[in-house]
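Here it is, the structure in full.
All chains are identified by letter, namely A, B, C and D, in their written order; residue positions are counted from 1 within each chain.
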């Protein structure tokens, strides 16, 4: 079977990709997707470790995570919609009226 | 429960006045302020106590003590009581407040109810400061004083009032913070030998040498560090040069009654605290460094007097001369002799009355001439004889004229400090020279303003001041003379309270 | 139970104080009710004091003395002492009480003429001042310890300020008052240090010890015991000095006050300016109260000074120098009161000389006679000034002799006394001082120098005195006012008459030369008077102290008699010479200002050797700029630091908040970056890698 | 008690809040565009007040003294749970009452209150969470409604921008958090805090564990608006409707600390990870760093703001720094004391900070401007509200005679007692600075003369009630601090014996 480290590396890679996306993308939707990557990186870990430890806690928790991710996206999309209405754009750097 | 009653009544009066309409606020406030006044005088007449409040074997007057917050080693309690040091200051506070309220009728012409309410709130806090014996409680009152002061200066003050107010507020607050840290460090250093912030307990533990080390800091270092922190903290309040720069600004901008309270009572908080904390709790540190502290004192006296000499604003003159006079208090305290410490405490009262008198008369002159510049007026004596007479009397009181309170106080201090510690003879002699400089600037100022032909640029006829302006002046000067002729009115109880502080073996007299 | 008059002694001072209160309050609130603007209560009070003083004096002459004190402030605990207020009546104070109350009484009466009749305003203030002045001085006189003495010493200063500046609407008087108070305050500063030092050293400042075991000892007595190394007396000395030296320091410090009040060089500058005050006040100040206070203080604690030869020598030298120095300045003055002012300085110089030279009795004697003739001269001058419509310039006078005879003859009597012409009072006392200085000077060069200066001063004294008389009363009137002067009433002439007689005859109380030369026994009444009373305060005790501690011993030229005659003759001759010269120069129909012949010297003299200039410079040229500099420093540096701290932290804040750029991507980056940094730090600490 | 409540009733506060939220949704679905604000606000208020009552009752009755663990020990109710339940419920009550006026002409009334209630539910659950899973779920349960609440003024750019930033940072942070959870799970094989603790005890994967712990700490830092996860806070608080800002800055922050206290102390015991012999995960050191940076940045930035609301936002960051001292001073030997200090401060802070923000709400209600200058002379118009505001500000600054002074004192005292006197010193310096900018507001309100000639048309009852209530409590907390301290100590005892 695949050693646990591989899963760890995979999730770490995905996580890093997600972070990279967040840091580089200015489109709110891409931002959102990157966050999804992060969450799924966590899910990979959870599932893998669940198998590794032989208990179901992790897998169960990953389900929670998925659900919450969905909820988060729901709220997020809503916010991005009003963002678009107000700023005529989904560029997150546009909304910078408040600072300092 | 008399102290509680005193404070409660004052607070209630403050609230009542705050809600009262502007028109009646002044008279109402004065009338209500007579309650604590009478109360404190009654307390004085029935006062029975012995010893120093913080030291063992003392009998306190009107003492109450019960738990407030039980927090393991840092329990807080409501502990108040009076000894020979605090009783005179309580009386001073009530007297000056009533007179200051009377002196506010003329100058305060807007938002009266707020003003008078705050004044009474201030009085309540001051009463608390001088009677609290639990450190935490004391600190609560100590800080409470600043809030009304801040607003009083900021709202009813002169043109640069905002700057002065915020400067006073932040500066003194930072000072109390430093002091607070210093003291708390001491308490922690005491470890389990104290189980509360009760000042007597802490003082006795410290004097019993139970101070341990705090973390890496050894007991000896901790002592000195705490002493320095507390001294710096209180020095701002006194104020001791070079921590004095907030005072002239505050005084010049503050309205007359607030100046009276500031110079008359608030400065005394600083010396009172120095006496209660630094000089009672860490006597050996004070004595080992007596020359350094005395140097601060002498510099305050001479430097302050020199600054006063350079001023052209009557109020600034008096303000700086307060710096000078408070220097004497420090000198007397550090002497650790009966006359020294007793005289210092007596000077707190004496200077409270005299400086209050001076500010009050300057205020009366200002109300009539609308200027405080020495150069802008002359010959007032021919227009407002009684005010000028009192001003002259007060000025000579400030110069330490015999048979006035100031002379007794300064004499005691000098008697006490002469030969009390290494080099004290020189320090005392140097400090004494203040009496010449003070005579210098006051006489110059009086000659310019009071005498010669009457010349003031006003578009109205300058006449004698109103009765309610002059009455407090007369009362004050009479008090000053009374205390000067018979200092024992307060001095006996003061001596009784400072006697335990005086080391049996000690230089001087 | 002490005799009644002694019990009443405090009333001597209390009466004038009451008159002060009356004049003050009734004058302030109900002037109508105040007859003669307060003069009447004042006169009654001082008159009462005079009677009481005489009664006390009589009782003292019965050989009794009196010392009672109350505790003013009780010092608790062992290591300290009490402060007292007390009454000491001995021959010296009794005599002084009489002098003061007498002069005060006469001055009050005179003021009726000088102030009331001239329609001055503010009379209640004036009489209140006089009352307080008299009260303070009397209390000072019977004070029984140094502290009480100091307190009333200061009050006297206050009163001088009030009265010199009486005409506060003009510019000069307030300034003069300020100067008087400041200069004397400067002296009193040293006095105060000395006073505190005395307490610290001896634990008491009593002039005279109590009887019985454990009674308070007088500090001169303790000092004497210490120096003699006898008794159980314990003192603490400071600055690492031995008792002898330390006592000398104390003595000098106290002397500071004396020099200030008695207007000795270099603190004499206030006195001439003090002439701005009303003339009766000048009379009071110069003859009996303020200026006399200094010398009286030295006499009071002579038992202490007698132990300190160096201090004595200094006193004598300062005295002699002042006598000469002031006399020379008197020579050129134009205003009559100025001349008198410098003569006062000079005369008190003589008293100091006497005290320093060991002539305790002589100095006291001169103090008394001077009180009479100087009061006389000032009142006389006052009457002249009334006549001249308050013009004081002698060059506008002249020929007043015929127009105001009473004033003239009394004034003449006073002048003769001042000049020291036999047999007027001044001669005897001044001569005795010079005699003491001479005999002791023969063995002490410094004293001899002082004597010589005193002797020279006699000449100038005679000169300026009669220059004044001649210019004022003789020759032709030099102005219209002098031709038909304002006439004066009984209330002016009365006091003049009384004092005129006293100035003429007061000398008989101590005609020492007569006794020495003709061998008449026991006519040195004053000497006997001062020998009565408590041993420790008696003249011969002082004599012993001088001999034992100061090692004074009298030398002689030839025999004792020749010495006396020589001294007396010398001084008399000089006095006559001076007087004669002045007479010759100025007692002519229209004299000219011969002083101009002095050229540059005159300018120097006229400007009082530029004493004022350097003192004014000290005050305004040095201290004031210093103060201004301090102020700059305060505003700039100290306050600058305070404000600097706050502005720096605010600047820091304004920078820190820039991190919040508002762009959410940057937030994400900063967040991640700083989190990674944190991770690394913790990792390194935890040793994960 | 005469009868024994069923154990699940121990979650009463949470349940009440949650039910109220559902009830409100029911109202909404019955009458979607209701204008009956009274009914909605009233319901919400009643619900939160009921929660307050329950928490208080349980506290006094001592329900939590024996920790009650429910649902396979994933949820535990102890004194701390109730203590914080009280805080959240009280703040919610204040906010709801204030919103009655603030949200008056706003659609989505029901949604608004429902969201508030849901968020509150999540917070109370956070305080009770005993499993990382519950922690994550409750965290999200309180976060997601908050996002919506911040952005609820859909036509207001500020509100939307704030919502966006809050959401993006929030999403990122929770992702980091959950990733950390996954790592910890990987190392310890469990999500239950006690089991995690035992798993931590015998592991050699310190690195992985460490990263996990740090990431979890990051999640908490985000919730408590601590540096470097604070970036959302200034904008979110500034842009959000003032009552929401009050809600977030007080309750949400407290919730973050509540869960942080429990997780860090229970799951990652100091003696195992920090002072343990082998390779350590010194999250205490991390907390110290965060504390110092957070309070310094917060206060210094606040000192130079021009807008009152934003100043308060930064000051709340500063306060997060103060409370972090409680975590940072662990391992000092007086853990219980410092934790109690932190909790007590959070309680007091809950009232004074809410009050301050509600005053802002009042100002916005009157459409007074946002800057300090706009507040000039408010005292002349509304003296009572101004007195209340003064109380809040001086209490925030830690001046006597107000509650804030007490709690701050005990917090710092605890730090000193634990030997971290330098933390206390830095805290003291910061609060000295804070005095400056708080008193700027007082200066504007009382001292400056009215500049803008706005006039106050009405005195909104709800806002006034809330503000006055908060002020009264803030003052009463000084004399009443004794009992607060008692509960706080018990609460802390539940975590660190």
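Basically, a residue touches a chain if its C-beta (ideal position, glycine included) is under 8 Å from a C-beta of that chain, and two chains touch if they have at least 3 such contacts.
Bear in mind the structure is a predicted one, so any value in this text is a computation, not a measurement.
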*Would you mind checking which chain's mean C-alpha position lies nearest the centre of all protein C-alpha atoms?*
B
*Measuring between mean CA coordinates, which chain is farthest from chain D?*
C
*Where are there more C-beta contacts: A-D or B-D?*
A-D
*Distance between the centres, which are taken as Cα means, of chain D and chain A, whole angstrom*: 26
_Centre-of-Cα separation between chain B and chain A, whole angstrom_ = 65
*If you average the CA atoms of chain B and of chain D, how far apart do the two points sit, in angstrom?*
43
*Euclidean distance of C-alpha centroids - chain C vs chain D, Å*: 79
_Numbers and ranges of chain D residues touching at least 2 other chains_ = 164-165, 168, 172, 176, 234-235, 436
*At which residue positions does chain B touch at least two other chains?*
170
*Touching two or more other chains, which residues of chain C qualify?*
646, 657, 660, 662, 664, 668
_Dump the list of chain pairs that touch, please._
A-C, A-D, B-C, B-D, C-D
*Can you list the residues on chain B that touch chain D in the complex?*
67-74, 111, 114, 136, 139-144, 146-147, 150-151, 154-155, 161-162, 165-166, 169-170, 173-174, 177, 180-181, 184-185, 188, 214-215
*asked:* With touch defined as at the start, can you tell me which chain A residues reach chain C in the complex?
replied: 19, 22-23, 26, 92-93, 95-100
_Touch list for chain D against partner chain A, complex_ = 132-133, 136-137, 140, 144, 147-148, 151, 154-155, 157-158, 160-165, 167-168, 171-172, 174-176, 178-179, 181-183, 185-186, 189-191, 208, 234-235, 238-239, 310
*Going by the contact rule at the top, pick out the chain C residues touching chain A in the complex.*
657-658, 660-665, 668-669, 672
*asked:* So in the complex, the part of chain D that touches chain C is made up of which residues?
replied: 164-165, 168-169, 172-173, 176, 206-207, 210-211, 214, 218, 227-229, 231-232, 234-235, 279-283, 285-286, 289-290, 296-297, 299-305, 314, 433, 436
